[in-house]
Structure formats: C-alpha cells, structure tokens
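In the two assemblies presented below, chain A is common to both, partnered first by chain B and then by chain C.
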Partner chain A sequence: MSSAITEHRDETEHADHADEVRRLERREGWNRRLPILPALIFTIVVTQIPFLFTLFYSLTDWRIDTPEPREFIGFENYGALPDDKFFRDAAWVSVQMTVLAVLLSLIVGTALAILLDRKFFGQGFVRTLLITPFLVMPVVAGFLWKSQMFSATFGVLNWVLELFGFESIEFATKYPLASVVVVLVWQWSPFMMLIVLAGLQGQDTSVLEAARVDGATTVGIFRQITFPQLRPYLELGTLLGAIYLIQVYDHIDVITGGSPDSKNLPFYIAQRSIGGGNRFGLASSYSIVVVIASIIIANIGLRVLSGLLEDDS
Partner chain B sequence: MALFTRAPKAEPILGQNRVIAHVLALLTWLIGLLFFFPLFWLVLNGFKDELDANSSPKLFFDPTLDRFSEVTEDTTGLLSFTEAFGNSFWIVLISTILVMALAIPAAYALAIRPMRKWRDVLFFFISTKFLPIVGAIMPLWIIARDLDLLNTRAVLIILYTAMNLPLAVWMLRSFFAEVPNELIEAAQIDGCSLMGQIRQVILPIVAPGLAATALLCVIFAWNEYFLAVQLNPVEGSTMPVWVASQESGRGNFLAKLSAASVLATLPVVIAGWVAQKRMIRGLAMGAIK
Partner chain C sequence: MAEVRYEAASRIYPGTEIPAVNALDLDIADGELLVLVGPSGSGKSTALRMLAGLETVNKGSIFINDVDVTLKPPQDRDIAMVFQNYALYPSMTVAENMGFALKQAGVSKEQRRAQVVEAARILDLEPYLDRKPKNLSGGQRQRVAMGRAIVRSPQVFLMDEPLSNLDAKLRVQTRTELADLQARLGVTMVYVTHDQVEAMTMGHRVAVLKDGLLQQVDTPRELYRRPANLFVAGFIGSPAMNLITVPVVDGAAQLGGLSVPLPDDVRAEVARRGLDEIIFGARPEHLALADVGASGEVAVVEELGSEAYIHVRVVHGQETEDVVVRVGGETAVKRGDQVSFGIAGATHFFDPGGDRLDGE
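Moving on, here comes the complex of A and B:
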C-alpha cells in the first residue's frame, strides 16, 4: 500500500510544483539512475548480447563439426520450419507441457491454499509438508518419480495398481508426456499454493463478515469477494509458472531421456546444437521462434499485470 | 474437539460447521502426507541395502548408513561428493553475493527514489526472464569456449547471477517500497546523511526481505542443472550434475542414488522451510504493489 500512497503524493506534487520537480529531477536524474546501471548493464551484457548472436547464427548454415565456412543464407532456416516434422512435434509438446503444467498446478495449488486457509491442528506443519516438493532439485524429483514411483518393477504406483488387481505399467515409457507433467505439477502446485495463500491471508476480514451478516452464501462470497481479490495472485502465479515451465529441461532429461513424445523445444534445441547435433545455424532459428513466442505470451501477461498496477494507483 | 479446532481468527472460506471443519482438516492432512510421501520414500530408500531397494516396495528393513558413506567417499568418478559440494557452495555463495550487490542499489533506486519510467525499467528486468535460456545457450557456449571458461566455476557464477538478478530486483523493490517515506524524510530533516539513512532507517526494515530474497536465489542456483551440465559437465561441476552421475554405475544403484539425492537436496530444503513465508510475500508483493 505504501508505494501506492507515495506515488499518489508524487503525482500531486508534480501538479503543484511541476517546475521545481522538473529542475530537481534534472539535477538528481543521474543520481537516481546511477544505482540501477550496474544491474542493468550486467543483465544486458549477459542475456541480451548473446541473444543477438543467436539471431545472427539463425541466418547462417553454420555447422560446428565441419570446417566449411559459415555462410549467410538469409531466412532459409525459417522457411524450412513449417515442413520440419521434428520441430513441429517439439513445438506441440512444448505447448501441451506448459499449458497442462501451469493450469493443473494452478488448480491444485488454489485448492490446497483454500484448504490450508483455516485454523486446524498442525496447520503450519502440513504447509511445510506441502511446500517441500517445490524445494527439491528437479534432477532429484525426476529420478525419484521415475525409478521409485513410476517404475514397473520397483515403483510404488505400480505396487498400488497391482494391489487392486491391475497390470503394472511402465509409466515413463508408455505415457512420457503425462509422466513429466505429473512431476511438474507435483513440484509447482506448492508454489502456486503459497502465492494464493498470500492472497487469501491479505483479505479484508471485515468485508467478509459484513457479507456473511448480510446473508451471503459461502459460494456467493467466494465468487463475488474472494475470487476478484485473488485474481492478481492467480495471474502472478500463471506468469511466474509459465516463465519457468516453458524452459523445462531437467525433468525431461531424467524421466524420459527426451523420448519423442516428451521432447519439448528447449530439449530439442540443445540436442541439435551443443548436445552433439552441431547444427548451430538451424537450432538458432528454433531458439528465435521460442523467444518470439515467449515474448508475445509475456507481453500479454505483463500487460494484464500492469493494467492491475494502474488500477491501484 | 479442541485438539483440531482452535478459535478461528479470520473466517475461512469453507463454512463454519464443526463436522465439516474436522473432515476438511483430516483431508488437508491426508493430501499433505500424500504430497510428501515420495520424499519420505526417497529418504527411506537411502537407508536400504541395494537388495531391499531393488525389489518390490518394502516399508520394513534393516536401516543402514552404508549408502551415505559409499557416495560421500567414492572418488572413482569424474566428480566426487566433496568436489561437487565445494563447487556448489562457492558458486552459489558468490553468485548470490553478486546478485544482492547489484540488485540492492537497483531496487533502492526503483522503490525509494523512483525516477520517471521506473516501471519500464522493472519490466525490462522481468522480461529478460522471458528469454528462454536456450535462446542464448549456443553463443554462451561459444563465448565460454573462446574465453577458456568452459568447465570453470566462473562461467556458472556469471550465469547464475544473471539468472537470479531479475527476480531479486523484483522482490527487493517491493520490500524497499514498504519503508514509509515519512521515516526517511524525518531522518533527512534531522540531518542524517544518505549512508546514515540507509544504515539506520532502511536496512532494519528491509533486512528480513533481503534474507528471503537471498535464500530464493540460493535455492534456484543450487538446483540448476541445464547450464551446469552443458557448460561445466566435468570436475568443476555442481551437486545436480553429481547426483545425475550416480546413475551411470554398474549393477544396482537405486539405494545409492537415493542417498546421494537426500544429501544434495537437504541444504535447500532446510533453507526453504525456514524462509517459506517471507519468500512468497516478497514474490506476491512484487506484482501486486
């Protein structure tokens, strides 16, 4: 809240002493920007400049395993993309994996947050149990599910299946995409849960009580009061979840080793370039497509969030 | 009765009925235990013989610490436990210090003495997170190779700093924004210098937020695998690479791998347990405020 108040005051000051503020700002402008510069420059050098290289590579036929010189071929790599079956498959896996993992984590996380948002014996302990999967190293999470839960011979899941008289299934081979998504949801619902929990606990209880006194039903209160208040938190969860889940690599590597049905674009790109494929030019064009798609999605996401920021102030 | 329900502070969403309250509490416990079960099983397997681990699931067995000593004392592979732990420790520590050193001034400037268009700057930082790392991995590999940085700790320190910086700026800004402007103005009127303001007014208020942010950076850096395995797959590498390398041995390795997993996971799990509430408050406030 305090930032909203300061900002509001800043604006009235702007109106009142616009000239003086402008003069001060000019003098202070560099003093204010200076502390940001190191972080800004570091970020640009390490993340943006390599990206420009990728853009350049994507316009060449560069293979790192042949002595042939790197030749500029324009948009040829991009032109070939629509006919590239492996690229299309990987792109489709990326879409399915990201959407499924984000949505399911959000749903499970919200349900868990609502369950946790009440006083009961051991509340803090259960919350701690629930967030732990998020803290686990993805490599460990993948290994643990693959060989100790999914496995047909030693897996607990199959042991339970057999208990009920079903045949055991080698989940990671038979349902590779679903297996990876299950592990992702296991790790990310706790994260969503904590964000939604922060939203629920920031609720104004007097409003809720007033609604209850006025005879509102539980469902009505949730739909009309709680949900609108939770919206920014749900959007934040979606945004952060998407940022990380679009880039999933570790889980795939460990659980399926990148079998065709579970190979997303990041995995495929690494495989075709530094992972031994050596086709730096072609793989770079894949990267650029991923980046452009991410930027489009991110822009929509950020615009929604910034719209909320504007409403507040 | 009193065992399960304490006096409710705020009205919970799901009704007031006593019986329902008990059922829901029980359900929450069950789900919590279910979510934790795979980790419980992992720890259990770490204490088993390979024979017990590599059979149909067993709950009762003779627990042994042998697997833990095996994985920590084994030095036959490219990367031993002590090497990996040391590498991870230094890489995570130094990159987190760098992140904080870069992010604190930036967050201070964005929150307490905001310039015009500060929101655009903040969005720029966040938007760099949207650039999937695969978009830069090839040039990074080439640059690292040409600078002789492949298989060094330095390359991971630099990249983990860049990886965590946007998140840190975002979280820290929201913690800095919590400092009441009146306090800073009062300190200014009392003739307090800038450093004095920072040390005596601002730091005490944001200190818990700084700790939470640093911990989140530690967690992400400690668990990172993709960059580590691509740019630094051998002796200079980190714990996730060490865990993954435990799989490739001959014969049965399930119990051994479980023990290694437990050792690799424990430090950040404990850190996360300690910081859980603040971490999320910072993340949530970053966007909402």
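Moving on, here comes the complex of A and C:
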C-alpha cells in the first residue's frame, strides 16, 4: 500500500516536471527563431509577394503602351513560348555564358591561388591587388573594358594588335559573347581565387611533407593529394559562381547593348517588358518558366554535387 | 640496411639567432633503434626533419651509408617517415595510402598490390584495405602510417612521436609491437619522443637533447646509471631523481642530519676546484627509511599499491627541501609522521654548473 502511494507521488512529480521542460523547450525555440524573423519577413515581402504578382501578370495580356484594360487570358502567354525563336536563342546564350564564365574563372582563380599560396615579399599587397576586380561595380567594369580595352580606336587590346601589325578589331561587335565572358572572368576569378586559396591553406602540411618523403613530384603532389582535397571548394565555387553569373545583365547592356549573340534570358525578358517591349504579361510568363527551369536544374545540380560530396565524407 | 651519421649538423630557423639544433654529432649503427628524447623545444623533431630532408641543414652534414645527403631532397634519400598526426592521404583508401610511394616509384600495379597485402598482413590491416582513413580508429590509422613506411623497405625509418595521439593503454601496447617490428625487420630507426619512459623502453640507445644541444647518448641503462649532467639526471627516471644543493664538509655532503661521504675521485675533484657546495643526487629507489639519517616530516604519500613514494620535508640549512623516498607498498607511513632515511644505493654528484663530478 505504502509503495503504491510513493509511486503515485513520483508520477505526479514526473508530470509536473515534463510540463516545465516543454515550456522551456518552447521558449528556447522562440529564442532561436526570433532573431531571424525580421530577415525572413523582409525576404518574403521583397521576393515572394512580387513573385505572386508576376504569376498573376503572366496570366494576363497586360501591356502598358495601349489603353486597353488588363485582361485575363489564361495560359495563352505560355502557349506562345515554344514558337519564340528569340527565347531559345537567349536560353542558349545563357547556358554558354554561364558555363564558360564559371569554368574559366575557376581555372584562372585556381592558378592565381596556387601562386599566392607561397610566402614571398609583398604577398598581402599582391593579394589585395588581385581581389580588386571583384570589388569593381559591374557597370563600371563593363564601361572600363568597352572603352579602354576593346575599343577599336582607343582600346589597349587593339593597340597591342596594331603593334604586331594586325588590323584593329571591334571586339564587342565581332565577338560579343566572348567579350562579355572575358569581363565576367576578369571580375569573378578573384572570387574563385579566394575560395580555392582557403582550400589550399586549409591543407595539412604534414600530408604534403609525407608525399614528398614518399617520393612524389610537385606536379604529382598537386594532382594526387591537393586536387582531391580541393574538390569541395571547387564545387562550392561552381555553385556560387553559377548562381550569380546566370543573372548577368549589366555587363551585357554596357558592352554589347544586348546584340543577338550576347543576349541572355534575363536581358531578353527585361527587353520584352521594361526595356521597351512593354509586353508585361508575356515577359512575366517567360520569367515564370525561367524560374521553374532554374529550380529544376539547380536541384539536379545540387543533388549531383552533394552526391559527390557524400562520396568523400 | 643503413648507417646514419650527423656531423656537426645545425639548423638555424630564418629570423632567429639561436640554432634549433646546434652542431649535432651522432652516429647511428645499422639496424639500431635510436631514440631522440627531450622536452618540447629541444630540437629533437628538427633533428629528425633534417635527416628527412624537410628542414635545411645550415651547417654541417648528414650521411646515410656514407653518402652525403645534406643537400638532397627527401625523395632522393630512401627514407620513410611516420608523422605525429599520421598524415594519411585523406582522399585515398588504406591500400592506396600504403601503395603511394611504390606508385611514385613506378612499381607495377600487381607488384604494388602484393607488397601492400604483405605489409597489411604484418600489421593486421587486411580487413581495412578498402577503407578511407576517416573510417578508421586512431590505432588503425597509426598502423596504416606504419604500413606506408614498411611497404617501401626504406634504408631508414623516421618516427616523429608516432604514439602520442593514442590513448595510454594502446600506447603501451603499440610501443612493444613497434620495437618488436623494428627488431624483426632489422631496419635502422630514428624515433623521436618527449616521453622518457618510451625512450627508455624502446631505444637501443637514447640521445637526450636540450635547447638544440646533445646532452648525452648512451644505452638506457647507462643513462640511468650514470647521467652525464644535471639535466639528464632530472629527465631520465620516473619519479625524477632528488637533486639538492648541499654543502661539503670534511669530504662529505651534508643533507639535514645525513652525511654522505664522497667517493675518492669526487673528493679529489672537489678539493682540486675548491668547491664548498655541490649538487647531490639520489633516486627515490636508492633511498630507504632508516633509524638514523636525514629526517623530516612526511608531506605527501603517493600510494601505488606495490610501492609508495613519500615526500619528506627536510630542513636543510636555511631552506626546506622535499626529498622523495620509495618505500614498500605496505609501509604504514602517513602524512605528518616524522621519518628518517638513509642512502641505499647509487649516489650522484654534480658541480654547481650541472656537470658530473666523477670522470668524463
């Protein structure tokens, strides 16, 4: 009998205690959530609400250069897309531009990082100088290259060409895609360099020493030891670079003005709407398609990347 | 296999004045296991890395089998090294780790596999050959690092504190295995450690370093029996030797109530140099409780079961000194007791500068 009473008492004490724990856990949860709430609300206001508007506009024939009222037309805008050759061209330019710029800036950035990853006099100064292109505003970078480097009359590149007896070339007109990619690589290599440099400096020096004692050459050490260890850093650089470089607008506008061979999707969509096309309904439907395609590609890409990462971890 | 010789080899790090290793002279015989021991900053690891070719030799030279390797890069020295953190290649499997050096040397894939399996068999690593290092325990990683070294059958094995990342029990076990492996393979091995017990138990000979200077190199027994100076006396042996500055009166060292007559050669040396104070040394195991002798109050009793170490607070001139005395495990001495002790074994005498007074 007495034991039953004790048990009973134990149980009630237990229950009270559990309530207290739940209360504390709830408070702990809010303590974590509260600080990120303003950022979350701000993000929803500036991205998700406009997205819902875009979704709505894409179902209308809204254009602002005619006095007709906005009319709901269902999926008619989406139906026009498969026949739009310009959209396909712009999509292909987007792919080429992103892939080329990301890969080339990764290669240049890795090379620079390897050069920087050794002690020499003035190392900090050189590193700062190498980072500066990344700090230049995109529009300024575009103007800089267009007028100072590419220009047929004043450009440094053409001055060099003429020095060797070649005819001067109007780069931005003749090679629009390449011109834009060169400027993107110039701006993004420092970013890749910083990421790869972090990877290089995070290496265990004794592993490299062990490889030397084991008889590996400098090139052999890089290929067999350093490069596999750099892979997560290269993947991170690819992901971040792709996210930014797929939405390039400024460089194209300044350097080529959006000539057909350098017009990517963001530029084309802008041209169709705020850039003078005024077909807001149609452009909205294109945006939605691009967003959905990006999400699908990004998901596949992320899965492939994380698959590679898991293989190593 | 190979002999190793350091000839007045020095390493001066850029931006420093004092050499990290100062004119090291050392002969290591073929098939010998030589241990470099010393406190941190003594230059023991630097000395090893100089032999590996990972540190520049600023002065002097290093020979392997009478070939001057001073200026050769590591890959041309035919050595293998085991690092403190094992330095396994993280992206490679155990088999690839162990076969790496052979691959660099252009050994065929089948030959490589055969040698790796053979080494894995010696080290009980066969079940783990396809695992990555991160999926291994500390002890297994240590064995992979060992395997990477023995696969190549190099001239010299270099070990840079290879056991210090293992837990105490595994360390003792691996210590024995390593010494056994060295003896079976009959290779020359240079082994660096800060742990004097490891040095004493493993080394055929032990070289004691301090501040980049070689203090003494001898067999473990001789180091224990005849430390060349105060530093070696205090460093070798556990618990450490009692070292007390004492006055010399009528050819005997005076410690509390204890008068220790000096041996003839020490007495002659003291008289010749006119010393009136010397440093007296006696290991705890060479002192014993006695009815007469130095006396004092027991400050601490360290009970180890089979034996006990008692710290006796001896009033000695103006000062008090704690003297550690080893007693049997069953001795009924407790803190606060008054005890007396006398000499029951070897004694050592050093001049105030720290050098041994008899001979050498």
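What we mean here is this: the second predicted complex is superposed on the first by the 270 of 313 C-alpha atoms of A that agree within 3 Å, B and C clash if a C-alpha of one lies under 4 Å from a C-alpha of the other, contacts with A are read in each partner's own complex, and residues count from 1 in each chain.
Simple rule for what comes next: a contact is a pair of C-beta atoms (placed from the backbone, for glycine too) under 8 Å apart; a residue touches a chain by one contact, two chains touch by 3 or more.
If you're wondering where the values come from, they're calculated on a predicted model, not measured in any experiment.
Participant: Looking at the overlay on chain A, is there a clash between chain B and chain C, or do the two fit?
Facilitator: Fit: chain B and chain C sit side by side once superposed on chain A.
Participant: Which partner reaches more residues of chain A, chain B or chain C?
Facilitator: Per-residue touch count on chain A favours B.
Participant: Determine, under the contact definition given at the top, whether A:Ala90 touches first (chain B), second (chain C), both, or neither.
Facilitator: Neither partner.
Participant: Scan A:Leu282 for contacts with chain B and chain C and give back first, second, both or neither.
Facilitator: Touch partners of A:Leu282: none, neither chain B nor chain C.
Participant: Based on the superposed arrangement, let me know which partner A:Gly215 touches: chain B (first), chain C (second), both, or neither?
Facilitator: second
Participant: Quick one: is A:Ile274 in contact with chain B, with chain C, with both, or with neither? Answer first, second, both or neither.
Facilitator: first
Participant: Quick check for you: in the superposed arrangement, does A:Leu106 touch first (chain B), second (chain C), both or neither?
Facilitator: Neither: A:Leu106 stays clear of chain B and chain C.
Participant: First (chain B), second (chain C), both or neither: which does A:Val207 touch?
Facilitator: It touches chain C, and chain B stays clear.
Participant: Given the touch rule stated above, what does A:Ile114 touch, chain B (first), chain C (second), both, or neither?
Facilitator: A:Ile114: touches chain B, not chain C.
Participant: Please state the minimum Cα-Cα separation between chain B and chain C in the superposed model, rounded to the nearest whole Å.
Facilitator: 7
Participant: Does any part of chain A touch chain B in one structure and chain C in the other, and if so which residues?
Facilitator: 209, 212, 312
Participant: Please name which positions on chain A make contact with chain C in the complex.
Facilitator: Where chain A meets chain C, its residues are 204, 206-207, 209-217, 220, 224-225, 228-229, 312-313.
Participant: Enumerate the contact residues on chain C facing chain A in the complex.
Facilitator: So the residues of chain C in touch with chain A come to 52-54, 73-75, 79-81, 83-85, 87-92, 100-101, 104-105, 134, 148, 152.
Participant: Chain B touches which residues of chain A in the complex?
Facilitator: These residues of chain A touch chain B: 1-4, 6, 9-10, 25, 28-29, 31-36, 38-40, 42-43, 46-51, 53-54, 57, 112, 114-122, 125-140, 143-145, 147-149, 153-156, 159, 186, 190, 194-195, 197-201, 203, 205, 208-209, 212, 218, 221-222, 226, 232-233, 235-236, 239-240, 243, 246-247, 249-250, 253-254, 265-266, 269-270, 273-275, 280, 283-284, 287-288, 290-291, 294-295, 297-298, 302, 305-306, 308-309, 312.
Participant: Under the touch definition given earlier, write down the residues of chain B that touch chain A in their complex.
Facilitator: Against chain A, the touching part of chain B is residues 3-15, 21, 24-25, 27-29, 31-33, 35-39, 41-42, 45, 53-57, 102-103, 105-106, 108-111, 113-116, 119, 121, 123-143, 158-159, 161-162, 165-166, 169, 174, 177-181, 219, 222-223, 225-226, 229-230, 239-240, 243-244, 247, 254, 257-258, 261, 264-265, 268-269, 271-273, 276, 279-281, 283-284, 287-289.
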